[in-house]
Amino acid sequence: MNLDLLLQLVVNGLIVGTLYGVVAMCFVLIYKSTQIVNFAQGEFLLIGAWVCWWLMTSFEAPIWIGFPLTFLFMLIFGVLLQVVVLRPMIGEPIISVIMVTIGLSIFFQSLMGWIFGVFAKPFPRVFETESINILGLQVQTAYMMSLVISLVIMVGFYYFFKYSRLGLAMRATAFNQQVAQSLGISVKQVFAMSWAISAMVSALAGVVVGMVNGVSSALSFFGIKVFPAVILGGLDSIVGAIVGGLTIGVLENLAEYFDAQWLHLGNLYTVAPFYVLVIILMIKPYGLFGTKDIERI
Amino acid sequence: MSDAAPLLEVNDVSLVFGGVRALTDINFSVDRGELFSIIGPNGAGKTSMLNCVSGRYSPNQGRILFQGRDVTRLRPNQRCQLGIGRTFQNLALFNHMTVLDNIMVGRHHLMRNNFLTGSLYWLTGAQREELDHRRAVEDIIDFLEISHIRKAVAGTLSYGLRKRVELARAVALKPDLILLDEPMAGMNLEEKEDMARYVIDLNEEWGMTVIMIEHDMGVVMDISHRVMVLDFGKKIADGLPEEVMRNEHVRTAYLGEEAAGDADPNERVA
Amino acid sequence: MAGHATMRCGEFRTSYRADTTIFPTPMSRNFALGGVVLLVLAPLVLNAYYLNLLIQIGYYGIAALGLNILVGFTGQISLGHAAFFGFGAFASAWINNSFGIPVILSIPLAGVLTTAVGMIVGVPAGRIKGLYLAIATLASQFILEDFFARAEWFTGGSSGSLANSISLFGYSMSSDQSYFYVVLFFVVVMFLFGANLLRTRDGRAFVAVRDHYLSAEIMGINLTKYRILSFGISSFYAGIGGALYGHYLGFVSAEGFTILLSIQFLGMVIIGGLGSVMGALLGTTFMVLLPEVMTSLVGSVGDMLPGLSQGVAYIKQMAIGLAIILFLIFEPDGLAHRWKMVKAYWKLYPFSY
Amino acid sequence: ADSITVGHLAAYTGPTSDVGKPYGQGIADAMNYINANGGIDGSQLSFETVDYSYNAPQAIATYKRWMASNPAPVAIQGWGTADTEALVKFVTNDEVFFMSASYSGHLTDPMGKSERTKAAAPYNFFYGPSYSDGCRGVVQWASEDWKAKGGEGKPKFVHMGDNHPYPNAPKEACAAYAEELGFEVLNPIVYSLKPGDFKAQCLSLKESGANYAYLANTSGSNISLVKSCATVGVDTQFISNVWGWDENAQAAAGDAGYGIAWVVGAAGWNSDAPGMETVRAVSRMSDPSGNEARVLHYMRAVCGVFFMHDAMLAAEKMDGGVTGTNIKAAMEQMTDHVPAGLEGVCLPSTWTPDDHRGTNQVLVYKSTPNGFENVYTATLERRPEWLGW
Amino acid sequence: MAEAATRAETKEPILTVNNIEVVYDEVILVLRGVSLEVPEGAIVTLLGPNGAGKSTTLKAISGLLRTEDGEVTRGQVTFMGETINNRAPEEIVRRGIFQVMEGRRIVEDMTVIENLRLGAYTRRDKGVKDDIEMVFDYFPRLRERTGLAGYLSGGEQQMLAIGRALMARPRMILLDEPSMGLSPLLVKEVFNIIRTINREQGITMLLVEQNANMALRQASYGYIMESGKIVLDGTREELLNNEDVKEFYLGGGDDERKSFKNLKSYRRRKRWL
């Protein structure tokens, strides 16, 4: 047993896990208000990262300008996307809308490839110190930034859904669009809101990952990578998304630990979370915090 | 299993949801051939009672005997095989199937072909079986007078028609005991009359024992052999319709009659 | 009564048997028969390219039908279909290579083996529902992919495994022409099986489970059994499709069976129309032809605008994404639905409504 | 003949586009250059570039379309593993000369002599060392490096890469050779082909105390790996394969990337080899300004096309002219051949009818803040047991 | 139907439906020219057998057809002088028409209070809390239900659905079978509440009912619909005294009401069409 290594891995897992949590939250947001699983989530990250990268390299904008501008861009992007593509789909079968997000993902993936090329591009240096030491582990500063922002966002979301008028409207829309409409809720507005927020928050994650690894089309794989986190926490739970993210982050690292120390199977890091996911779902079919479907006749 | 024993026996059943006591120590039995009604205010636990009988809920306490056999722990599909069929208060049709297919699903447990023999349709007798059951289903369709919509997709039908399709599907199960949850809700007088006639026919001619939940007192009084009243999860009365009607509590808490005694039980609820 | 509105003027049947055929009208049956006859003649007129596309539509179409049984009929979304498809490909190659069982038998055997794997993967479906289940199947996608890389005895590891071509009575069916007939045979058989299955007891049970599982259970349907069974049957189709794919390519490597292909399968059934046998084939055709059509369309645009030559590849990909989006905006219920509308129109012609 | 039809399968989009793009551009530019400079003895190369997005069935469909067209191609410039392998059967059958960018060892065994080779691939060629040979070469460098640094005891070697056909390809061959050279071979470490945060793997690497880590993935995920490892403070010497590092990777990795040593198959853009003149001229086919700096893969692509060009020239003089069979035969007659005009750029290569290991030289480069440096050139023996492995 | 306007004398119609035709799925014609008028502040009832198109009419007014692939292909719906057909439903709600849909349609995964707050979604004033109390006063049973609305009994859900409509403080409520599934006591109560609301708050009501007795007792005017057409209309008195209406909708046309028991094989299908 190497406790030092174990500790470092757990810390690493927690930190990467927050990022999973943030992206998972974006999923949950869209799901909660529209019941759509957004397969273009990864592309949202990618677009956010590229836009921020572009602002910061072409105009040499500092991060505190580049980042808010990116947010603004993503806001407009989210609304536009909703108006142009998703609005006509209101009232259509959810599965068709999910397929549309797959189409979007193909579209944006190649659009980004065309505009920005396919090579990974380094992000301009943002923080004086690139990494700081936490419990013996060097951690990139960008992660710490995301940690703080995502905590704020998480708390915000929680209250938003629980208490705000719009939050209620989003939940009602997710329950049944016709019912929501009959209550005077503009399904279009609700959708626009949730896509815009989700796009903005994804951009945060995109920028952070971009800072750490460079920006490249591969970033979009993040979208699929966080599925286990989303499900583990429960599809409709903001808190669940964070817990799921952290759990998956730690799990991956623990798997790596056991693999490297004893098992030597290889690839446990990627696959183990999926085994655990299935086991947890067998015990708790709605994830850790997801609300049960109402089974009543 | 003897004919003398009641078809259904409910012993001491209690059901709790979180803090809500939906049912408390319910006891009753239904004899073969009876047309038994359950009435009571909204939220009294009538539907929950049916759910316990059909297997959707398992009671926290108590036993349910069907044909002398303890079915308390059986899955709904197993109870169906034993001969319990039902309809639902909030429609539960297969919305994307045609009316015909909906009813054919009711024959599921009576059929033998499976995915292998079904795939080889012509070679394995699956076709013959399908056609046999189709014939039986058409009889039901004729009986319930829904032949004009047999090819319609169930989800697009109006509420009243869907209720009727639900009844057809339950009848297709060939149950010994059929549970009807507010079969006449959402129907106008004429349609209620039709429905009442179907229920009576099922009971008298098709030989099914019926348990029916219904809020229309006129119907309940006219056609049921025996009535049980639930309120707040408790049984407050059980007996012949006229007896139950005379119960003070029923009149005030359920029917909302100001003065007891003189009202004609047959008066249309109005 | 309002029933008039739903009564069709163009339907006349005199027996239940006539009412339970796969093809609702004699015309549609003749249509289908004619289609098969045309396909039988196809190799005589079509060149290898078109045959190749038809073969692709064939093996993907079989797998897509399987997925449609799972997603469209039983209502369980699967993101792991590509892994089953791959498993079938590996299994058939393995059975043939290791045991010397002829390919024509190894293909159905691979289907059976894949069924077993599919049922195991389907076990959680007894408890997990909806999107949670979808992600659980995503897990099986990754777990199986990992297995492919690990199980060298089965998959040939990094160098992949060779899949021999079919030989019947000493005649090798390795040319596109002869392989086309093999695929056509399987397509016809599998689609007939599928259509039969879905109009009989178990098929109805699948749909019942999808539409309202609570009442389905009360109607006597064993939910767990049918949920798992549908995984099994769907995997059987995937396995057959995958095996045909493997023997056509002659080489099976884990690289081809990623989540991307799973998503593509999902695209096929959604675009084709969930819950429609015909839809599986239509959707597959759409997804297979789309890149080809886009290549030639965008290629000719690229010729006109030479500056775009590298961009052409991206434009093509974007066009594929866009085509999917536009298609669903205008036909969210899938091709099969459009097909039905066209049929309904003709049936009632010249009385609309 | 007035034109010679060639097919070009490229991966400009899809998962391998980061390296597929410069490589494909190199192929197209080189063929355009040949056409602009007299073609093959007067006949033009008529070629179509098709982006198949790294999707094997789509590649096959394209191949079938080509073969059904008139005239059908006699030669194909291909790309990835899955499609190359799937096409082996077809090109052999149709007798089409096929040059790929998939360097799998078993493609080097045209007669299927080695027991490791499952199917003979007589029409398949590639330019450069196979994955296994590349790894052997860079391990050879590592062994020299260890001695030069005065390392004590047995150096530790570890294979790192995804559990996937491509990274696994040289795993056993290379480990066997490393052991032979006196390395202690550690348990492999797995990291994804998709870029991500690999601190966990880096911590394992650090813990294992490996001296040399062979990165078998492509550059995209290698960038993430070296960056993560730099954060964690790993001081292992990274070595990598031919797709594992390039100028773009170095730019994205920044400081963390310096020091990595990897296999290079041809001269770099800034090389002063005489042949670079030609390469620059080729590059101007798509970049008239001549400003764009091409990455390493571009040069390899150009070499590949020029070898094909030379073979076609030779085939022209044979019975039947430029057919797939004749191009193959011409290739198999080359001994230590370097295409005219590309001296110093392409490695001298030899193909024979029963050995398609084109080159036994492996250039090892190291990335430094001053650019890429050729630190070593390994010359591997042509061991018979390495054929096809 | 021309006389309808003159007969609904007292007040100006707030809602006019003029000869509308509704088609589902582009092929299924359900309403074939329906016209009706609702005067301001009145309760008007719409009766008819199952499948006649009553719910469809209401959905055509409230704009909820579109989510079911339905469309008003001909005719107009005018509310307070403005044409509202094929407008977005949320806009129609904002103009003051609130529909209580058939089958309750409460948001099952929310609590009772959240459902009520949702009803007030279009309001921005401060009175929401008080109105929740008001609803609880009308339906005391709901106050005790703190769990998710999906677990309420059928009748409780119906109360919630009506309560939710009140929360919106609309000018007009379209009620689709509000008494369905309610116990006799509650049916009375609900109709009392409807009348009270109508009287106290001046909310106009268009009431679709199967319980014709009850409905006609509340309403000032009634329409009878069959197979997508209005076949009869008149004031309360006219309808109550119409022999056909008595026989088929009210029961006991002749003198004594028939017992349900003795209806066997007795068939009659008088239709106006």
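Every chain is named by a letter (A, B, C, D and E) in the order it is written, and numbering of its residues begins at 1.
As a working rule, a contact is a pair of C-beta atoms (placed from the backbone, for glycine too) under 8 Å apart; a residue touches a chain by one contact, two chains touch by 3 or more.
Predicted model, so just to flag it, every value in this text is computed and none were measured.
In terms of the stated touch criterion, the partners common to subunit A and subunit B are C, E, listed by label.
Here the chain-to-chain distance from subunit C to subunit D, counted in touching steps, is 1. Compared with subunit A, the chain whose C-alpha mean position is the greatest distance off is B. The chain with its C-alpha centre at the largest distance from the centre of subunit C is E. Remark: the per-chain Cα centre closest to the mean position of all protein Cα atoms belongs to C.
With each centre defined as the average position of its C-alpha atoms, the distance from subunit A to subunit E rounds to 44 Å. One finds 75 Å separating the Cα centroids of subunit D and subunit E.
For the pair subunit A and subunit C, the distance between mean C-alpha positions equals 31 Å. For this pair, subunit B with subunit D, the centres built from the Cα atoms lie 73 Å apart. Shown for subunit B are the residues in touch with two or more other chains, namely 56, 88-90, 92, 156, 158.
Residue numbers of subunit A whose C-beta contacts span two or more other chains: 110, 113, 266-267, 270, 296-297.
Subunit E has residues 28, 49, 51-52, 151 in contact with two or more other chains. Of all residues in subunit E, only 62-64, 66-68, 88-90, 93-94, 98-99, 101, 105-110, 114, 117-119, 121-122, 148, 150-151, 164, 168 touch subunit A in the complex they form.
For subunit C in complex with subunit B, the touching residues are 1-3, 6-8, 11, 16-17, 19-20, 193-194, 196-197, 199-205, 207-208, 210-212, 214-223, 229, 233, 275. Interface residues of subunit D, counted against subunit C in their complex, comprise 10, 12-13, 21, 25, 28, 49-51, 53, 55-58, 60-62, 64-65, 67-69, 80-82, 85-86, 88-90, 93, 104, 106, 116, 118-119, 163-166, 168-169, 171, 286. Only residues 71, 77, 124, 127-132, 134-136, 138-140, 142-143, 146, 149-150, 214-215, 218, 259, 263, 266-267, 270-271, 274, 311, 313-315, 317-318, 320-325, 328-329, 332-334 of subunit C touch subunit A when the two sit together in their complex.
Of all the residues in subunit D, the ones that touch subunit A in their complex are 13, 17-18, 21, 162-163, 187-192, 194-197, 199-201, 203-204, 207-208, 219-221, 223-224, 227, 231-233, 248-249, 251-254.
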